[in-house]
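Notes follow once the structure below has been shown.
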Amino acid sequence: MFDGLREVAQQLRADRAVRQLLSTCKRLRSERGEANSLVIGHDVVKRLQRLDDAQRLLFFLALARDFSPNPAEVLTAAQAYAAQPGARTLDALTRAAEPPRQELFRRINRAQGGTAAIVALRRELLGLLKAHPELQAVEADLLHLLSSWFNAGFLQMEQVSWRSSAELLEKIIQHEAVHAIEGWGDLRRRLQPDRRCFAFFHPQLPGEPLIFVEVALLAEMPAAIGALIDPKTEPLAPDRYRVAAFYSISNCQPGLRGVSLGNFLIKRVAQQLQRELPRVRKFCTLSPIPGFAGWLSRIQQAPASLDGDAAKRFAEQLQLLRSADAAQLKERDALVSAAPKLRDALTGLCAVYLTHESPADHGDPVARFHLDNGARLERINWAADLSAKGLRQSHGLMVNYLYDLEQVEAQHEKFVNGEVAFSRAVGAHL
Amino acid sequence: MFDGLREVAQQLRADRAVRQLLSTCKRLRSERGEANSLVIGHDVVKRLQRLDDAQRLLFFLALARDFSPNPAEVLTAAQAYAAQPGARTLDALTRAAEPPRQELFRRINRAQGGTAAIVALRRELLGLLKAHPELQAVEADLLHLLSSWFNAGFLQMEQVSWRSSAELLEKIIQHEAVHAIEGWGDLRRRLQPDRRCFAFFHPQLPGEPLIFVEVALLAEMPAAIGALIDPKTEPLAPDRYRVAAFYSISNCQPGLRGVSLGNFLIKRVAQQLQRELPRVRKFCTLSPIPGFAGWLSRIQQAPASLDGDAAKRFAEQLQLLRSADAAQLKERDALVSAAPKLRDALTGLCAVYLTHESPADHGDPVARFHLDNGARLERINWAADLSAKGLRQSHGLMVNYLYDLEQVEAQHEKFVNGEVAFSRAVGAHL
Amino acid sequence: MFDGLREVAQQLRADRAVRQLLSTCKRLRSERGEANSLVIGHDVVKRLQRLDDAQRLLFFLALARDFSPNPAEVLTAAQAYAAQPGARTLDALTRAAEPPRQELFRRINRAQGGTAAIVALRRELLGLLKAHPELQAVEADLLHLLSSWFNAGFLQMEQVSWRSSAELLEKIIQHEAVHAIEGWGDLRRRLQPDRRCFAFFHPQLPGEPLIFVEVALLAEMPAAIGALIDPKTEPLAPDRYRVAAFYSISNCQPGLRGVSLGNFLIKRVAQQLQRELPRVRKFCTLSPIPGFAGWLSRIQQAPASLDGDAAKRFAEQLQLLRSADAAQLKERDALVSAAPKLRDALTGLCAVYLTHESPADHGDPVARFHLDNGARLERINWAADLSAKGLRQSHGLMVNYLYDLEQVEAQHEKFVNGEVAFSRAVGAHL
Amino acid sequence: MFDGLREVAQQLRADRAVRQLLSTCKRLRSERGEANSLVIGHDVVKRLQRLDDAQRLLFFLALARDFSPNPAEVLTAAQAYAAQPGARTLDALTRAAEPPRQELFRRINRAQGGTAAIVALRRELLGLLKAHPELQAVEADLLHLLSSWFNAGFLQMEQVSWRSSAELLEKIIQHEAVHAIEGWGDLRRRLQPDRRCFAFFHPQLPGEPLIFVEVALLAEMPAAIGALIDPKTEPLAPDRYRVAAFYSISNCQPGLRGVSLGNFLIKRVAQQLQRELPRVRKFCTLSPIPGFAGWLSRIQQAPASLDGDAAKRFAEQLQLLRSADAAQLKERDALVSAAPKLRDALTGLCAVYLTHESPADHGDPVARFHLDNGARLERINWAADLSAKGLRQSHGLMVNYLYDLEQVEAQHEKFVNGEVAFSRAVGAHL
């Protein structure tokens, strides 16, 4: 029996709704042919919608226990395959090793409302994993299947504009996660000709944006977020567009976490803008550094990868910073009027943070996302985000990542091997 | 090593194009993250298009040999899972047991033109299986993935009409497999108000019909195909529609053979027509019996499932038929003027063929398709298809299958258990 | 010379821009064939956009003076036609009598942006008529042409919903003239399933609503406006819809004043709702009575059309009202707590106002609109609009007009002859 | 009474259907307000459809007699206007002078099916004019109104392609008037990437092409029609497109004869192709010369506009031609093998025909159309159309007209004044 799931049977005896749901699932799973599976699948979808939190947890636990491969059968099949590798033994092995819940999910997916039901299911599951690590096996199957169904080939990119439906725009307002949109007037500015917004959609979830990115068309690479999202600024004249700056990217479907969407979206948007606006040559971001302040408060010594001089310089800068009033550096006025020395120290420490920590799992998540996409660390901007969140997360610093479409492949390759691409300007801080 | 594939290495040494393709495939397969996979995937798509037949075979053989699970690793993982079943050991097992080519195909699928490339690949592979059974393992993976990607939830049904594009209609003419369409005039009649045509499309193959069905709206269940496809008949007045007869269903993508499409299409069409035309109450087919004449020429004695009297009657009818001039029964004039006794004998034998042989794998494929969908054998029609093909395949007999949407679930269930649903009229022939 | 336009020549000498515009207009007007007319027409459109108010007035005056028929030529042509009526003389007459500016406007209309330019022109002209009655001849030509171009056959009706573009919805918010929409939240309620909105569009003014109507789907004929436009009410369940109430109709294009749009819109909406919702049987309005309070304050005696008893009753009610504190009747609290006698008197006087004054030009404009459309005066509602505007205009009274599609023709006919259709309920007040 | 229409009254007494139709027309015409006019208008549309030829003629005659302006009233109004020109007298004049049938037609146009009914009406009327010149007055009104309703601003241009509906393509096949399309295979070639087709549509006649033009994208200006319409030719590679040649333009609506459509279509197509294909710099036609052979057989002497030497040369060429076997010049083989001298003579005479006769009403209609559009006579092509029709009409000659969008305005201007624009190459033949 799957470890840690002994008490499930007992709970199931007490809950008729989950028991019936599981029995319907088994029927759906074992249905030969597909004649009835749409009807049974739709029944499963409706039963899932009626579960409360406790029942849903019980359902997941039962999926982990009862819809996993049979260990003895797998072992037998693996032995046969090892003895004589071939199409026949492999077929038997594949059947034995695939968790039966995968086929269950596939059949639910085919039914009306099935895709949405599975995305919703995973959203709930993700919230339970910490307390119930034994559900990780179910999560692995869901992520595997959703990655297949929501692959880039099946996604449709659409521009979101003031001509889009109010229904869609309402969702954009609600899901903007980076720089909140304060109502329709605020949104309207972000959809003027010098601002663009693009979203991915999936044919099975019509009208539901999966992820969207906001772009500013500018004369120069932006050094601060304020002007980009200020609803009172005048639109730039189209003949002055030279830079496309991605200033916000937001996922709309928590149930699709970990499914690669943002990377493809940024590149498709860049390609489309290149075609439409040949004079726009530079594609960059203006990004937050959400992990910087936390790292800075924890760090005790220079990262091991810093060599002699650089390590010494790092220690000095850290010292300078520690002697300053740290709380002050999270206040707008104090920050703006900080001494040049302090400013240099903070920027230098941030350069180290981004170039030396990013390859590691605990590195800054935004940095890791763009660097893994093949972008280059282009410029660190002082006093770039003076909102409460910006001051708290990164002492107001923001960073531009540069997407040079000719370089992204090579730079991604390097990043995978632990090397971070950065500009001379960033190098000067090191 | 995968059995029977020893000589592949040698051939590969001689073919640089396939070697390079495989090396690109390995790179695509192992690419960490997805940053570069669209570009590499598109490279694979282009390389695949340039292969000749011999190279493609070599590629498939290499896929079977080099992209199968490692037997030793699978065995180790299966042992660990058997020793301690849990999320961690299951994860390791799943990774070890899944053929690496599955992830390869998934990544190709994401690239531009990838879906079409994989459908084309499988079309070629299906033609090679007989001579190369060791490729069955590759085929299993392709079918598995295509069934997932082309599941009913992702398919869009559209009506094909005289308002459809000439580009699409040209494909309909070309793919009609049951009753050939002789040019645009012929097609035009089949798109008049009392004839309907519906097709499935997939978002990744825009403009490419996957399968389509042709429907005739009639006052009565049809007893012969001639009038249904005669371009010179007048359209029936809409207030007289009572029966919707599916008279032709054609697959357009050989690379999707075995992916369940027809069943879903028929039921979605029936639902849509029910909504649009509430007075149409009967949904049936007028179907060929492609296996009947062949079976009849081979059969020596009554099927074992026939009991005493019925078996005796069967023997007499078979005797009567054998004494007739068999060749004559494939000629139009002879058939039309056949003696009532002969006619009864042929119809009776056909009733036995359809009711007793259908559940078996060697049963009539069209009968198996509709009965497995949950349809009922409704009526056997004499002199119903007097075309050369109809006379040759089934001595001019055709059959109506009835889709009673209330009954399809239960009847499908029964058929899975070997029981064929039939009407009293058919029962009378037994 | 056209009367009252002698000083135009002098002003023209001083204004080069208008002189050039007029010369371009003459060139456009006299252009033989149409080869160049699109280019010249577009030039005129751009010149028109650059005019300031004084220049535009001058332009209109010049149109009245220089683009009117030549009196001597018309007279000659009319004499010839009178002497020998026939195709040839009629042709000459038609050419002589048609004001040359009509052909000028037609040619402007053909150019890019021409239709919008002419609608804008008329909007400006309407504002000048009072001070410059000599421009009435230009206005007559514009109304004639716009009525032809914006005729019902060329208009497209579209439903406005939460799925419409933000661009369109923003215009709806801005143009709502009857019950103001307070922002997007307010609009959202008016687009829930039990509220509908429909607008007319013209192919030449894409994205520009011409007129729109708002409809509430209700269980009963509404007696007050408050609940209909309250954003906090819950939508009614669709199975309870029985009545469609038109509660607001707003023109969006001042330049199309007098072009018949509202009548067609109401009837097309009623037809569409009838098809979609067969259980909705009653189509009515909930309408303001904008002229009632004003009439009431001016009226001295019963309308002549009232006979003995009715006239006497009228005088008593008027007397009662005059003795009440009139200002009080425009205050919310006072009105709500008014004595039954006062309430009856006010309602009775309103019934007389609507039934006896409507046929006259000075009658209530909303009443005239609906009665002329063939609607019936169905019910007068006490305390139905307690907004400041409602109290001021009509002491809080509102009225339902009933559109019985079977009766509208006959009732329109009667109204044209001075007879107002009303229900028994209304009759009881008389 | 309108001249020549005295016997109409008598006929009307005998025909109840026409009498009722006219009475409905009068009711529609005089309907105050527009409440009922849609219903009555639709009734008129249906009654019109039921008329036979004799009844339709009677209806037209009644329209001429009973729906013309009243001579006495017009005269009075003209006298008042002449005495005191002003807005009021002008308004009275305009009302008196406009034939009442114009308002009748406008109201029919608003009803469902009305626009199509009026276009159909005019098609019939055009066929009756020769025998019934008194109907010219009705025709003038119809042309006036249709020109207003079908003005360029209201027309929508759409590309016709292999992706267009079969319904539309079928109409294109049917209406091609210049170079007949022989079935779907022939059409398919004309819609390959190097052939384009564009049509005008009107919102009131959805799905009905009004006029369409066929364009060939070529490397050079074409000298013969054969290759352009040969279904077996290979499409040209897109990077070689340099010339867009209009090789066929066909009206689809006989009822819109005389409404200017072709001129606008050609220019809009040229503009669109310029945007899409910036390397295409030359826009020309390859056109028939339908009037040449007829003119040649009738001509006795040089046109008066030819001066001394040219007139002499003309006489010699004409002499040479007359001495040749004229019939022979309409035979394919004879023409192809004609002596250089004869060839020069024929081409020279054609150059005179096109340059000297085109400004006159009896000039070649195709030449007049393009020259009036502002095109230039660019090249006369020998043996360019060897079809029976081409040989018969113009001894196989065809001509290229060049549309230089920079020049069309000026050249149109000149043509209006009797001057034909031609190239040096054409000049060399003169």
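Observations, loosely collected:
Labels A, B, C and D are assigned to the chains in the order they are written; within every chain, residues are numbered from 1.
Note that a residue touches a chain if its C-beta (ideal position, glycine included) is under 8 Å from a C-beta of that chain, and two chains touch if they have at least 3 such contacts.
Please read these numbers as outputs of a predicted model, since none were measured by experiment.
With respect to chain A, maximal separation of chain centres occurs for D (centres as means of Cα atoms). Put simply, the C-alpha centre of chain A and that of chain B have 40 angstrom between them.
Between the Cα centres of chain A and chain C there is a gap of 54 Å. With centres defined as mean CA coordinates, chain C is found 62 Å away from chain B. None of the residues of chain C touches two or more other chains. Viewed as a contact network, the protein chains form a single closed ring in which every chain touches exactly two others.
Taken together, the chains touch in the following pairs: A-B, A-C, B-D, C-D. Residues 1-4, 32-36, 38-39, 64, 68-69, 71-72, 74-75, 77-79, 81-82, 84-88, 90-91, 93-94, 97-99, 106, 109-112, 114-115, 133-137, 140, 145, 148-149, 151-154, 156, 203-204, 260, 263-264, 267, 372-374, 408-409, 412-413, 416 of chain B touch chain A in their complex.
Taken in their complex, chain B has these residues touching chain D: 162-167, 169-170, 183-184, 188, 191.
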